[in-house]
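Look for chain A in each of the two complexes below; its partner is chain B in the first and chain C in the second.
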Partner chain A sequence: MSENRKSLISSTSGLSRRTALKGLGAAASLVAAPGFVRYGQAQSSAPIRIGFQCHRTGIGAAYGRWYERVTTAAVKRINDAGGINGRPLEIVIEDDGTDPKRGAEVVEKFANQHKVDLVYGTLFSHVVVGSAPAAGELKIPYYVVSEGYHVASGKLNRYCVQPGITDVKAQVRSVAPWIASNLGKKVTLVYPDYAFGHDHRDFFEPAIKAQGGEVVAKVPIPPTESSFTRYFPQIPSDTDVIYHVMVGPAVLTFVKEMGEFFGSGGPQLFGFIDSLEAVDIASPGLGFLEGSHFWEGMPRYAQPDQPDYVTAYREAVGIDDNGASAKDAKDISTAAHMFGCWETLNVIKAAMEACDYKGVDDRAAMIEATEAMTDMEAGPDHPQGKKLFNGKIHQVFGEQNISQVAEGKLKVVHRTSIEDGAYEPEADYTTMSF
Partner chain B sequence: MTRLSPSAKSIALHVGVVLLLLALNVLLPEYHRGVLARVLVLAVFAMGYNLAFGYTGLLSLGHAMFFAAGLYGAGLTVYHLEWSVWPAFATGLVAGTALALVVGFLALRTTGVAFMIVTLMFAQVFYLTTLYFTTYTRGEEGLVLPQAARVLAFPGGVLNLSDPSTRYLVALALFALVLAVTLFLARAPFGRSLVAIRENEERMRMLGYDVFANKLASVVLSGLVCAAAGAAYAVLFGYVGSGFAAIQYSILPLLWVLVGGAATTLGPLIGTLFMFYVIDTASSYTTAHLLVVGLVLIGVILFFPKGIAGTVRERWLPWLP
Partner chain C sequence: MAFGPYFLLATLEGLVTAAVLSLMALGLSLVFGVMRVVNVAHGEFYMLGAVLAWWFSSLVGGHPAVGFLLALVLSPLVVAAIAFVAERLVLSRLNYEPEATIVATIGLLYIIQQLALTFYGPEARPVEAPFNHRISLPWFGYSAYKLSVIGFSILMMLATWVLLTRTKIGLVMRATQFDRETAQAFGIPVGRVYAGVFALGAGLAAVAAVLIVPIQQAHYLMGLDPLLLSFIVVIIGGLGSLRGTVVAAVLIGLSDGIISMFFSPTLAKMLATLIVAMVLVFRPQGLFGAPAR
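Moving on, here comes the complex of A and B:
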């Protein structure tokens, strides 16, 4: 052993010219790497740069792909109309891998290396929560499109805003009255046993009670489960409605096994389309969903009575009447959520124009301009519908769609009001310092 | 000029590394300073793992639980009990150490593949426990520790841990402390007996060493260092989430140590830093960055079969600890 070591040392000791050149080359490429590039300060005519924290890989990749497409379409529309304050909008994308640690690093990269004006576009709650401290410390506006209750809870910071998509608490409260009136008052909740599922459990129960209904059973499913048959006997026989919010790859198995368990009878079903975003409703095994109902933020399928601005929006983001990519009918969109990117970018534009945004020194003014917003009318900037922004909790409220699966497609049967989802704010970001 | 002894060389090198890292606090561009602060904390995690894997030869697939025990020990006490950073950090250390003692006591009854599986199972139980108590932990979504609570109180004043420079220096202080402990251990009889156990457990037993006690001490010390990294991560970066308890964070320190060089004092830092920049750079150019990571790892294995520091030691610097 020692002889081997000795021979290795003697044969390779000392720096050869080749080794030195390799080292120099490596050092040069390190210096030339993106991190060491010095970016000049933005000039008044320079583009406004938005860092898009994108789930390009990881569990959120299907959402990320569509968020990116909608972002590209929305930016094109804004730039075609003259940009923001006469300046074009430029998107800088970094992949966060749908990971909270990487998310925080990406926010730091946007702020300190790319020197963007703000960060935007995050969907998954854990990435938002993981990134929020970095945004607050770096004092960079963080406009998320996440539908989590995290922003509205007041637990983040003044730089975190969610102006383009409603939060889960409002969504759950919105659908409760319709469920109680149309499907039944005795509800069994089937939900994943982690934060996302717990939000539904905790927000739905008081909401259905307020409608004279009750939650007759709660069936939490551990996140490691891949087969669900053994949980179905826990559903009481007097259940009127099964409220299900399973997500992830197991959802197809879940729905299929539920169909096998209940057959053609069984309780009514109400689910959140989150379970089936980017999944074709006509997939094998999902036939059991025929006649069941789903919450949708924005309808996946083109509706016969949709306004012209919705048609224009769908065309701009590249989806056909079935909510699939216009270029590939098998590439199903995440229509119920991705409109949030379009609307958030329009809110960013409005806020920057309201505060006459010039550069990073106006970041606080931009947040204040956003906080001052209230009503947002339905139209080309807000194709999902009208909104009401609450500046205290940095959260927007809006209308929701309840759709029924009919002939393998989702047809909107009810549209809730903003008031249906309203709740008392639990925080006030405007009292926090910048 | 008199030649330095290997011992003096290694001490000079380690002091030099710490001084270089100190200088980088003012020399590095802002983004890279932030990166290095995070890498230093994660390198401490890797150094903790290295104690068990590198020096003692215990291939654990469950070290995420020790990191996460520190993370939650510190994070939950700050968040729910509004404790200040010192007692919260201490809670993290106690949580990680106690867990390592229990897990080590049970898992060390096995060896080899069985040890890997048992540690993996314990870590999975810990991970699912963090999800089960979502009411308190917010599970995978996690918790944000208020910025106002992340201050380190001293008799003469306070240090704001969310300030980039302070955070860097605190991370460096922890790193330097653990580096010094590792260096000391590597040269101390205890460290040498761990290496001997790794090389020939039977012979050590025959020589009269209590192998189980030494291995248990190694796991406990390893758990303590990993918990220190986790607790530091919570208070320095303000986020606590169950993702840090998932299997990924058991594999990562193994990877960092393998790349940097197992049973080397500086290998964990080199591996952690190297892997961070490979991912950071590759993900800026392609969504297939994991493919790039894979190719780079194959390259490292081909040209640095004992990890970067391990191969440097083998080929050029035999005195490298």
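Moving on, here comes the complex of A and C:
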């Protein structure tokens, strides 16, 4: 293109027939090029471009790797079925380093440089909180797969939506009754000391109190910590249940040191699988976990009674029966969270089809179409289970799994209902302006 | 938990920190003592040691102790070789000018870190401990491996002490440290001694890293915290003083273990930094360091 322009400029100063012909030829071949014609004549067949804010590096890297694989698989499935409104889906990936500041820069880069249709895919809550204002200012839809309560809290803006994964508040409310009636009523919380952990702290206590239980101690741990033994003495000896949730590269150390400290004779353990996500349960030193319980968004291990669409989903994203990569048995997936990418992309597809999305001018219409959604049936588009979307708080609600470690594998022993986790909306995004 | 066992646990944790820290800080202190080079890339040699330990231990199957021992032997050697080459290619060409070497080692820090990210990846990977025994005390359990780290670290410190005070190599190093030009006049190949010391310092950091990977995991950003703590230890102990380094490492390790357990980890870091400030104001050469000549 630039070469072409140059030749035209030079032709004004000293026009020779040869340069003029060259310029004409170049221009003609550009117009005749297949890509040019397609986009020039039919805007509607240009790809829909989604900016994927991915934790490729930093403390969220293990999640980022699997979010990327699931995204690739989901996009392939959507494109194989004809794309969205007849247009193929294209993913543009930028690494945010699991860093809030970089996250906001990435959103800006997506909007101004890549000129994508929307941004999607963020997991870590501090990155979501850091990036959301940028998405609001740039008026670009921001579909997160994060679990945090920040979307549902109403503190973000109308462009931020979480339609593929349940938030922490609903998760803890749905598991609390089970913990109180099966494990014990005196609970000590061990959680990472930042937004995501604070959601656990703030919502579990009222939830367990409603069941007649109590939180006897709270042990916050800085998210960058690499050694944990020093925190365990803060757990009171009359604790019935240790409720643990940890994130970051040191999760294996956390669980191992907990095992060294308590052995198998300590209090009951109820963990959010985050404490073990991307970690092999058969790792040495984790034998003490046998018999303990975990929350799982979606089961890591293939369950005997799983529907066909779950089997198909697991095959598409490339995980074996143990939840490890089909190519490398040591590469354990983040199965309990990554389904959110698959489901979110299907929600994006449904929203774009509902509003007949044409381009960036339809961004507001797309958000409105998402807000109008309610029931989502379990199936190939929603393999984790049926969902209920609340357009007022831009948050989806779903069923949760409680699994027990048996013979070194996680076996689902209880599935909560959507009603177990439901709560009164505390905000209404639909009244906010775009 | 009662005060007694609580204190015991805090002390044990502190001693493990001190053991690893003293090895690492000793490397930093040697490099500064002999070469007058502030090695900002020291933490990355530590990280490299951990990453290589994972790589070596994943090469062999069988009992985890085999992989661990292989890593314990090979990883420090490889790291030392890399440091040797870096010294010859970069630091020696800068004539060891203090400002230039600081900038150069900062550059080295980023190069090593980003190479690790590129080739090793962003994951944290564990190395299996050579043994997984759990010592159960009446109040809590403790990892036997952690205790063995303390023991091994003491052995390494003794070996370094013997090397420095009882061997010809140590004599040459001390001579170079005392007066570089006179040493050169007496036929000591100062350039090679410098390269050797730089390699030894990096090797010690790598040993510390191999000892820690079964407890923590190898990760490309793991070098930063130990680097800061090592600087704190070296400043308090006195640059170039082996005894000072050990004493300061135990002091910082124990205070970190005990204060962070009874109060908060942040307070422990604040106090360590405060001690550094006090030492710099009232005894700039460090507790055991000789005043600059």
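Definition applied: the second predicted complex is superposed on the first by the 379 of 434 C-alpha atoms of A that agree within 3 Å, B and C clash if a C-alpha of one lies under 4 Å from a C-alpha of the other, contacts with A are read in each partner's own complex, and residues count from 1 in each chain.
Keep in mind that, in the parts below, a residue touches a chain if its C-beta (ideal position, glycine included) is under 8 Å from a C-beta of that chain, and two chains touch if they have at least 3 such contacts.
Remember, it's a predicted structure, so these values are computed and weren't measured experimentally.
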- request: Return first, second, both or neither, reflecting whether A:K327 touches chain B, chain C, both chains, or no partner chain.
  value: neither
- prompt: After lining up the shared chain so the two structures overlap, which partner does A:E105 touch, if you call chain B first and chain C second: first, second, both or neither?
  reply: first
Message: After superposing on the shared chain, does chain C or chain B touch more chain A residues?
response: B
- request: Look at A:V129 in the shared chain and tell me whether it touches chain B only, chain C only, both, or neither; answer first, second, both or neither.
  value: first
Message: Looking at A:A250, would you say it contacts chain B, chain C, both, or neither? Reply first, second, both or neither.
response: second
Query: Where does A:P222 make contact in the superposed view: on chain B (first), on chain C (second), on both, or on neither?
result: both
- prompt: Which holds for A:P284: it touches chain B only (first), chain C only (second), both, or neither?
  reply: second
Task: Under the contact definition given at the top, report the residues of chain A touching chain B in one complex and chain C in the other.
output: 56-57, 222
- prompt: In the complex of these two chains, what residues of chain B are touching chain A?
  reply: 29-32, 34-35, 38, 128, 131-132, 134-135, 138-145, 147, 162, 164, 237-239, 241-244, 277, 280-281, 283-284, 287, 289-290, 314-316, 318
Residues of chain A defined as touching chain C within the complex: 56-58, 61-62, 64-65, 222, 225-227, 229-230, 232-233, 237, 249-250, 252-253, 257, 259-263, 278, 283-285
Field: Sites on chain A touched by chain B in the complex
entry: 5, 8-9, 12-13, 33-36, 38, 56-57, 94-95, 97, 99-101, 104-105, 108-109, 111-113, 125-126, 129-130, 132-134, 136-137, 148, 150, 155-157, 193-196, 198, 222-224
Statement: Touching chain A in the complex, chain C uses residues 1, 6, 9-10, 13, 17, 64, 117, 121-124, 126, 128-129, 132, 134, 136, 140-143, 215-217, 219, 222, 225, 257, 260-261, 265-266
